[in-house]
């Protein structure tokens, strides 16, 4: 059990019908993806071919912002708003898809892009799995 | 002309078909709304009746996060992604609507909620106006 | 009176001895600087000479993060912690100084760096003025 | 090896004299602490005795902001600024200390505060260890 899952157990009110495993998984992937995208953007800046990686930096920065915000919103349960959660998850999936696609184009040349692409795919899937379970 | 509008003028590449006035307006409202929601959440914590304001604090925190992220994404133009922008604007509108509705319920008792409700309405409208213009 | 100053007026408890004008000014400069640095980082990515601007992008990103966090912490007054506030302001001043210095080196070539350098200088000064007033 | 440590291995330029284990550890603790503090603030809002937990919510929010920003800055290595890093780590330690102390006061009553206090202590120590190693 990860720490975000432990924290879910301590929530003093009703968490509702939400699938706790999918929720904890999605929170963890969001925070991991935020860190990885921040690091990938910076690694791109130190590549000799940075001029060919500017779109990659931008998708990294957007994805880091979206994942951080999604991770925060999913960590709150008081006054839960299913509609906002679902549209935010959709936006996060789009950011992960864009960043994963862009990083995948450089995955063979840059190890940071390879890891980042895989992380974005996992986060996108975790968001989609959670969103599907919300009905 | 606000500073965010000035910065748009300095962007060295093509901004595309985007309506610059609506874009600058939306960026400004997002940053103002982020600050106001952060301050409103804290003011709620210092009210005697804080126990009746917990949902308000939560919607404030979500709205602050969404507005900060939306303001950041809208401040980037390199590798622009219309689809992500539109879904993120929609999520931001939902967060502003939820927070504006919740704050409006306390607007007569708490001046911070009155100002915050108005700010959320303006930000929601600015997001919608920009989103409509994106086609 | 800016909106952050208006929000200070609505705070329901005692704000203490803090200089409200310097506080509101500092909050405003932090949010403006966060937006400007985010936009400057992106504008740098679209310059032909991006390879010479990578340090500038990095200082922009750090400064945007520091200013956003400082603006948030300064927007909270419940359980005020003078010591944390002062060290955080010092960190924000360092980030603004580093970004202002770096952008100033490109101010004649890039209008976004010129505006960003000036904004960082103003924010650095507003942080220092507030910090001095905290005793 | 955690993913942040893996990302350090992929950085294409020189990381300098920095202790990679301490750096990766600190990044991980910052992101974990940011998530935990966000969840703890929300759990406090759902406690019956929320009126006695308002200072705890505030220290949680500050600590979440500081940890997120510190985690981001530590994830960047291009144009490394030792002075900023050290002062930011010091600010993060203060935020973790304040939040850890406040949560520790409620640790016996609230499991979320117990976990959060421990997490803040670990993050504070990881920041201090890294800062000491920076010379």
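The first chain written gets the first letter, and so on, giving A, B, C and D; residue counts start at 1 in each chain.
Convention: a contact is a pair of C-beta atoms (placed from the backbone, for glycine too) under 8 Å apart; a residue touches a chain by one contact, two chains touch by 3 or more.
Worth saying up front: this structure is predicted, and the values here are computed from it rather than measured.
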A-B against B-D, pair bridged by the larger set of C-beta contacts: A-B
Centroid spacing, where centroids are CA-atom means, of chain A and chain B in whole angstrom: 21
Chain B and chain D, separation of their C-alpha mean positions in angstrom: 27
Per-residue multi-chain contacts in chain B, two or more chains: 42, 45-46, 54, 57-58, 61, 68, 72, 76, 78
Topology of the chain contact graph, where touching chains are joined (line, ring, star, complete, other): complete
Residue ranges of chain A in contact with chain D within the complex: 3-4, 6-13, 27, 31-32, 34-36, 38-40, 42-43, 45-47, 64, 68, 71-72, 75-78, 110-112, 115, 119
Contact footprint of chain A on chain C as seen in their complex: 41-42, 45-46, 48, 50-51, 54, 57-58, 61
Of all residues in chain C, those that touch chain D in their complex: 54-55, 57-59, 61-62, 65-66, 68-69, 72-73, 76, 78-79, 81, 83-84, 87-88, 90-91, 94-95, 98, 102
